[in-house]
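Data block below; observations after.
When the chains are written out, they are named A, B, C and D in that same order, and each has its own residue count from 1.
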Amino acid sequence: MSIVEETRKALLQLFPEQAAAEAEAEAAADAEAAAGAEADTDATAEDTASTEEAGEAAGGEETAAEPAAPAKEEEPAEEGPRENGVLVTDHAARGTHLDVLCDPEQVVEAAGIMDEAGFFLEAITGVDWIKEDRMEVIYDYNQTGPDPCRVVVRTFIPRANPEIPTISEIHPGANWHERETHDFFGIKFQGHPYLEPLLLPEDADFHPLLKDFTP
Amino acid sequence: MTVPIQCRPDEVFVLNLGPQHPATHGVLRVKLTMDGEYIVKAEPVLGYIHRMHEKMAEAGSFAQFMPNTARMDYLHALAYNHGYVLAVERAAGIEVPERAEYIRVITVELNRLSSHLLWWAAFLLDLGGFTPLLYAFDDRERILDLLERITGSRLTYCYFRFGGVYNDIDDEFIAGTRDFIKRLRSRLPRMYHDLVTHNIILIKRLKDIGFITPEQCRKYGATGPVARGSGINYDVRKNEPYSVYPEFDFDVPVYTECDSMARYMVRMDEIEQSLRIIEQALDKLPDGPVKAKKVPKILKPAAGDYYAAVEAARGAFGCRLVCDGGKSAYRLKLRSPTFSNLSLFGEVAEGMLLADALAFMGSLDLVIPEIDR
Amino acid sequence: MDTSIWRPIIYLVCFMAFAGLNAAYLGWCERKGAGRIQRRTGPMEVGFHGLLQPLADGLKLMTKQLLVPEGVDQILFRIAPILAMIPALTSMVVIPFSDNIQGRAVELSVLMLFALASIGMIAILIGGWASANKYAVISAARAVSQNLAYEIPMLLTVITIVMITGSMNLQDIAMDQQGGFWHWNIFRFDKSIFMPVSFLIFFICSVAETNRAPFDMAEAESELIAGFMTEYGSMGFGLFMMGEYLNIVVGACLTTILFLGGWSCPFGLFPGVWWFLIKIYILIFTFIWVRWTYPRTQVYKLLNLSWKILIPFSMVNLLVTAAFIKVF
Amino acid sequence: MGTEKVPSSIVHFAELDKLLNLCRANSLWPMTFGLACCAIEMMCTGGSRFDISRFGAEVFRPSPRQSDVMIVAGTITRKMEPGVKTLYDQMPEPKWVIAMGNCAISGGPFKFKGNYNVVEGADQFLPVDVYIPGCPPRPEALLEGIMTLEEKITGKRRWPRRQPGQVTG
């Protein structure tokens, strides 16, 4: 099993519904593959085909779970609101392997899963979606294994009250990233040990990367 | 050498290192709580050269942001060019001709050499050796000459274009690069290693100083030579290949000693590996155009977000581009490697001597404008 | 000894001139030497080959605003640079440049030199303390611990020499080594087999005593800005620099007299002051050479070098010498 | 405030003043003070190829008390501004300021609508003597800047100024 699959499995702990749906689909695919294997004697060739099939089936299940986003490569936000879940993305087109959308409360749990899987935090950033009146917080994870696997965890928080729990307990490196995000967007990371301006002057009370910021 | 610190709170004093201090390579400030010469607590204070690059990306078009990339990490400007260009090309779906990819690799690696040479110079200056600085600059000037011929500038290159590079390289550049490779190969063992690396004072000052465990590297997200000096075999060029790096045969130097000397050796070995890459790229250089045809003047990538990572001289540089279908980036997050590398400093420097802490800081290879962006 | 009043005055003027020229032009030599080592030219445009550079620097420093920062100890702050300069200048008096050129023949001149040399350390301590600057205080503390550590092996080595010669008079020590280079203390294997090593110890100690790289812990630029001189501008800084260069001259003179036979010719012919000058300038060049070649050591490793290696070894040498003298 | 004038002496010694100015112009010690990209070119200027030491200006002093000229090499941000001001105030008179690079002249590329953190030029709070344009200026430009400063101090130029387009042998 590749690292992408493994990580995907691990991340599915966050989303019981998707996991259940997938397990169902996998069972169905397995049954199908078993039937195929019985029918055919060339076991090895069939084996690889069946795993591929299973993967495809899982992917199909995913799209079924998100009727608004039929094709994986397309931007989900454009087609309508995307539901929480793990999405396998095309690395060549996106630069990431897995894309996770979760609730703000779940980021700590996600960070814990990533930490256990041996990932490190590359960056945290915010995006101010002023038209939708919400903010996005994006966590980029990466690992140092021989095969690439980049995971992006994203969540949406209301613009009026931008609060999200901190993950600096799990990833100490997040400390500065969260301070920086607080500088730029005013996102309050609850439980952060020292949420003072990092890049801006000590007394700064403005958040320059907000779309409605004027100096 | 770790010494348990036992002091009363009233016996410590706060030493303000920087923002103007010869060892901080720019305008980093470190608030040090000291007990005599021992550091009890070190807290870096950033932001003295925060220049709003990410805000500027939202203000101008994609092409207008190109010069900014060179001004973040001015020592390895072309890697930043490369990372940004990759992200935009990925977003806009632009194919790059093969010759352009080769030229990109050659110039990026040349630039990596100049960056490592400057690090070496500045590091030795931190350790009190002034002469190596001038020797390294001697070699570095030759790289700058080569790059200046084709890019037009000495330091803050803006050479890459979406879908290629600005200028083709000519025979004179190729001949000059080959000469330079020969020259640096002959000077590396004699001048760099005999004079400095094997110097007993240098070894005594770097061995077992600034111990970073692999777990610390992971927790803080350290990459590049810092991680490789701690035994983590991670190089974006190998692990997540981009451009034409898979075509070349090169090694990723990894040392497991985890100390400043290991980081020093990683960079010295990387110089040799970069020379190997350049040599192979010059041998294999294909013919063809250096710019993709039909790249629109005004790019309007489809909405969505895109990520591209490259291996800069200091570690993995990542570029997260969020587009909303407009002609400028909706949000551009630049993941700079030294930002994460420096966040280690506070934890590792605790209990160190001041002199050792500064040697350790030098071994992290900081470029402050890249941290502050 | 001539008791006329003129002799001391003439000597005073000559030594002042010698000291002043050395202090000024060693800076030029240092910059030129550094340039040579670093593949560049050094000062070139100010006068012929930059020969007027020390003059320009000196006049500039003298006419710069005399800035005494707020919060410093006014009196000590002003005294320190003078205190750094005077002992170095005074030590010149007892140094014999040749058998008949000596300011004042003092019977215990070795002792006097070391007494004066330790005042230089106090100047650094006072300067660093009075500056009310944390970097300067750290630097002063470093300088004191370093000088303490290196004075001991230096003195132990000197005791060896004094034992060999049986005199504390520099003139006698130099006279004892007249003749070819095999008479020099550095090669006196009949007195102790470790003499070249003790020369090395003495030389290392004099580099450390003068706070020169690689032992320039007190003004470690990348750690402590400019160390004890951080708050000194204009001529205060100038005096510290001149004091440093004079200390180098004194250190080189002392090494020459104690180990290299003073004014004696290596081949036993025509001894004279020129040999003395040649020897001290070769030593001074070595000081410059070492400075621009090696990186700086670290303060605790520097102290370890002294306490764990140099002091035991010079003690062993002392005992060996005593045994040799007793036996032969 | 650092810009306050030192009271001029009542009696002037014209020839002595000239000599002193000549000395000052030939012994410009810059401060080791790099802000951003331009600092690297400043280091190159000290390197063997361009060799600022020919003019006696290679003594980069880390302490402002011992330096004569402050080369503002890079972008000054709002957070850094008080620091730069303090450094200038700590330098003893006579002192000069060179604004190296576009950022130090006017904010350079960082002057845009929405600028919230960059001071638009060192001359907003420092008396700048010489401006060296470029992003970053070449080392030759910094040498030219040093010579321009010498000209400003002594009233005489070291070498004849080259006209643009003039061909040399």
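In this section, contacts are C-beta pairs under 8 Å (C-beta built on N, C-alpha and C of every residue); 3 or more make two chains touch, one makes a residue touch a chain.
Being a predicted model, the structure only gives us computed values, none of them experimental.
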Chain B reached from chain A - shortest hop count over touching chains: 1
Central chain of the complex, centres being mean CA coordinates: B
Distance-maximising chain from chain B - centres being C-alpha averages: C
Cα-centroid distance, chain B relative to chain D, in whole angstrom: 29
Centre-of-Cα separation between chain D and chain C, whole angstrom: 36
Where chain A and chain C are represented by their mean Cα positions, the distance between them in whole Å: 67
Centroid spacing, where centroids are CA-atom means, of chain B and chain C in whole angstrom: 43
Two or more partner chains touched - positions in chain D: 47-48, 62, 79, 114-117
Junction residues of chain A - those touching two or more other chains: 200-201, 208
Residue list for chain C, restricted to those that touch at least two other chains: 38-40, 221, 225
Which pairs of chains touch, using the document's own definition: A-B, A-D, B-C, B-D, C-D
Complex contacts: residues of chain B adjacent to chain C: 13, 15, 21-23, 36-37, 124-131, 134-135, 138, 195-196, 199, 201-202, 204-205, 353-356, 358-359
Chain B-touching residues of chain A, taken from the complex the two chains share: 74-75, 77-78, 92-96, 118, 120-123, 125-128, 138, 140, 142, 144-148, 150, 152, 171-173, 175-177, 184, 197-201, 208-209
Contact set on chain D toward chain A in their complex: 78-79, 114-117
Contact set on chain C toward chain D in their complex: 31, 35, 38-46, 50, 52-53, 55-57, 59-60, 63-67, 69, 221, 225-226, 229-234, 237
List of chain B residues in touch with chain D within their complex: 19-22, 25-27, 47-52, 55-56, 59-60, 67-68, 71, 74-75, 118, 121, 133-134, 137-138, 141, 144, 154-156, 368-369
